[in-house]
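Below is one structure, written out as structure tokens; comments come after it.
Letters A, B and C name the chains as they come in the text, with residue numbers starting at 1 for each one.
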Amino acid sequence: MNSPTSSAAGTQQEGLGSIRLERDAQQHLATLVVSSGRSGNPMTAAMVRTLSRRLAELSVDDDIKVIVIRGEGGDLTCGADPAEAEQVFKDAPGGAAKRVPSQRARLAVMDDLWWGPDGLYTRVLRCPKVTLLAAQGLCLDVGLYLALCCDLVLADETAVFGSPRWRHVGVDGDLSMLVAAVGLKRAKDLLIFSSRWTAEQALDAGLIDEVMPAEALEARVAHLAAFCTQVMRDAIAAEKRVVFASLAKLQIGTGFATAAAVGAWASNLHFQPGEFNFLREARDQGLEAAIDAARRHAE
Amino acid sequence: MIDVDLHNLVAVVTMGDGDRLASADIGYAQQLRDAIRDSADLDTVKAIVLRSADPDFFPPLSASQRQAAQRVRASQPRAWHAAFCAPTGLYQNLAYCKKFTLTQVAGPCAGPGSMLVLCTDHTVCADDARFEAPFADLPESNMVLAMLTLRLNRAKGWVLGEDDWDAAQAQAAGLVNRVTTRQALAGAAIEAAQAAARIPLDGVAMTKLLLEAFLDTQGIGQEFDMAPLYADALRLAELDDAQESTR
Amino acid sequence: MKAYGNPESLARAEDQVLLEVSPEGVARITLNRPEKHNAMTVPMRRRLMALVHQCEADDRVRVIVFAGNGKSFCSGNEINEDWGQRQPGTRRMSLSMANRYASDLNYGRQAFSQAITRCSKPTVLRLHGYCAAAAYFMIGTRCDLVVVTPSSKIGALEARFLGPAGAVSATHINRILGTKAARRYGYSGAVMTGEDALRVGLAHRCVPDEGMDAEVSRLALRLARRSPAMTHYLMKRVRAAESLFETNVREVNGMLFSHFLQAAPDEAHFWTQVKASGVAGALAADKERLAKATGDAGAAGSAPGRAHMQGMVGSP
């Protein structure tokens, strides 16, 4: 995907992680690579904001028709970095006024990072270019929503989709995209009753488009992207704007607004005596350890 | 006779004489509604499994049951509405239940049974299950809910096609989540219920809050609200049919 | 209402859309322009709409079957039609005429596709061969029960050179296929086979070519034999639910743009190509461009992995 004629690629280093841009004007293709350098590829708030910014820039880049998003190191992403969650709230306006971050700080974060006009999910969903996700390994939380909001999703056999937050805390986020993709009862399966879907399960449910061996993914992504770049710019832009109108029919806008409100409320969630405090464990020990501990607690 | 068994954060509601729903038995609908609602009110319950006391979930309706239902709807419209269609009624209490709901189905699942299946979050069935569309018999059945669950054309195929769905078809369409054997059925339902019950109590509340808000953005509440009009239309159709047959 | 068309298309429409009603009450509306894969002229669309309304008013009719003579059900609208939309000396279509074109197809409640989607009687589609472009939008995704064969070729197959133009955005298509499949087919312009259509939930049945007539007949007769009062009641419920679900209400979509799309300097414009080398020439040039683009990408991976669609590779 990196052709000799590509114009300057850019890497935005954000602390421990990066969002790398590979831009190929000749092929009308841009690739955004999520790379945290850590196991599971967690995304920091800084990485999320950079990814949103890059999408905004590519949205007005007339040479680019298709945007590929992928992870590095075998995983797309295991989700937002739990270690910094508390600090992100504290850094938001009104977040440090008292010991516990205020509702307005939490709401600001929900909007700013995910659901608001400049939030990541909105930037992906309302991108006027064709978006193509190359899914590998863990596609959890943020990874799942990238799969929902991107137009096309190609996965390899290692990909798994789901949300540990839903499993161990409760469902937050927008429901309308998932239900519109797979139907209500299947959606509830992923929301409530299953911890995650394998790539095959995701394909059967209608969440993703194709599954293939890991070694075939890169070439297939390139092929599909090239296919889509054959469409006129005017045609892509025209259809995209009308899609945004029809998303309203699916009540996506309501879903996003509700998600922001409930997401803020959810961070006040109180664990009963005897219930496993997943959020604290994830913050202190990391996501994988928290999932293991939760399993042991259940047994 | 409705039995409620509470164990390990799961309420198992067993319907004895469940086919009384086929006759639009108002008292029975109220009892079943109460069993579900009262279970949902308990902090010690996070998931509710609905099953039949009989080996088969819901046998096909007889002509006399259909006629009895018609009489109930015609002679006690307000009571029927309150017991079946309204927010206070059986199906909306199920569809908007504040805890997770599951159905466990084996053998025939006639119209009223299929409406219970549609209104629950998760369904496990045996490989011999057969699902009849609920729309011909139940004016309070929710076609928008079917469309949101099955997608548009599959829902229309079920409504118009006249064929019951077997277990494989029901799973492919998304009406049913899991197919297993009769022997494994009860265990599978409990397993799913317990998986859901691991979500913290506040999380259950948050999940259901989100889901309920979502359902009404899709037109499901509005469709329930239309049920009395549909009942009138069905009565006219039934009168037409009766006149046709006496001609 | 004004009847648009040129003298030839106006004169021939009656022979190109046929109606017969069987004794059991099965109405069959058949497109009869097999030499052009049943491509629909403006008068043909108008006649089809009128026949649907006629069947609705006819108490004998219990169910309506749509079919097409020849190798395909329908390839879409007639693209070479001059139906009086251009003023002498003008090169481009005016906005008001483009609106008229789109209105006729899918805009406004009296329009072509609305006749089918709001039909008070059940509709069955006998979909063999191609069901593409306008036939996909207006009929294939509007009929209640669709019967296909493995060799059916379905979709907005013109999407790659004319743009998706509603294939991704249309609410009814999203609610039938799911949002993911709508995007997959709409942005790639890939062919949906009959088996794809069954798997994705568009088709009610997929049967071998030789079994098509028997299956359509069986379905139609079952619908026709059901009590008319019950069928009428169920159809009222279906249409009410579709209204609540917003799948049969009008919406703006990409069709309105298709006449005004401008090719960038490095892009090919389909209509310009057609003028230069005819439709066949334009399609051949498109195929060549596609092969070059996918070849450039270094993609040996032209065989897809497990997927819902088999028609991805190459042009339709």
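Here are a few things to note about the model shown:
We adopt the following convention: contacts are C-beta pairs under 8 Å (C-beta built on N, C-alpha and C of every residue); 3 or more make two chains touch, one makes a residue touch a chain.
No experiment lies behind these values; they were computed from the predicted model shown.
Counted as hops between touching chains, the shortest connection from chain A to chain B is 1. Highest C-beta contact pair count among chain pairs: A-C.
Centres computed as Cα averages put chain A at a distance of 35 Å from chain C. In chain B, the residues that touch at least two other chains are 148, 150-151, 218. Taken residue by residue, chain C touches two or more other chains at 175, 178, 246, whereas all remaining positions touch fewer. Contact of a single residue of chain A with at least two other chains is seen at positions 182-183. Interface residues of chain B facing chain C in the complex, by the touch rule stated above, are 135-136, 143-144, 146-148, 150-154, 156-157, 159-162, 173, 218-219, 222-223, 226, 230, 233-234, 236-238, 240-241, 244.
Interface residues of chain A, counted against chain B in their complex, comprise 166-172, 175-176, 179, 182-186, 188-189, 191-195, 251, 254-255, 258-259, 262, 265-266, 269-272, 275-276, 298.
Residues 122, 144-146, 172, 175-178, 201-204, 219, 222-223, 226-230, 232-234, 236-238, 240-242, 244-247 of chain C are the ones touching chain B in the complex.
For chain B in complex with chain A, the residues that touch the partner chain are 43, 100, 121-123, 145, 148-151, 174-177, 192, 195-196, 198-207, 209-211, 213-214, 217-218. Contacts from chain A toward chain C in the complex involve residues 1, 3, 27, 62, 130, 151-153, 177, 180-183, 200, 203, 206-213, 216, 218-220, 222-236, 238-239, 242-243, 245-246, 249-250.
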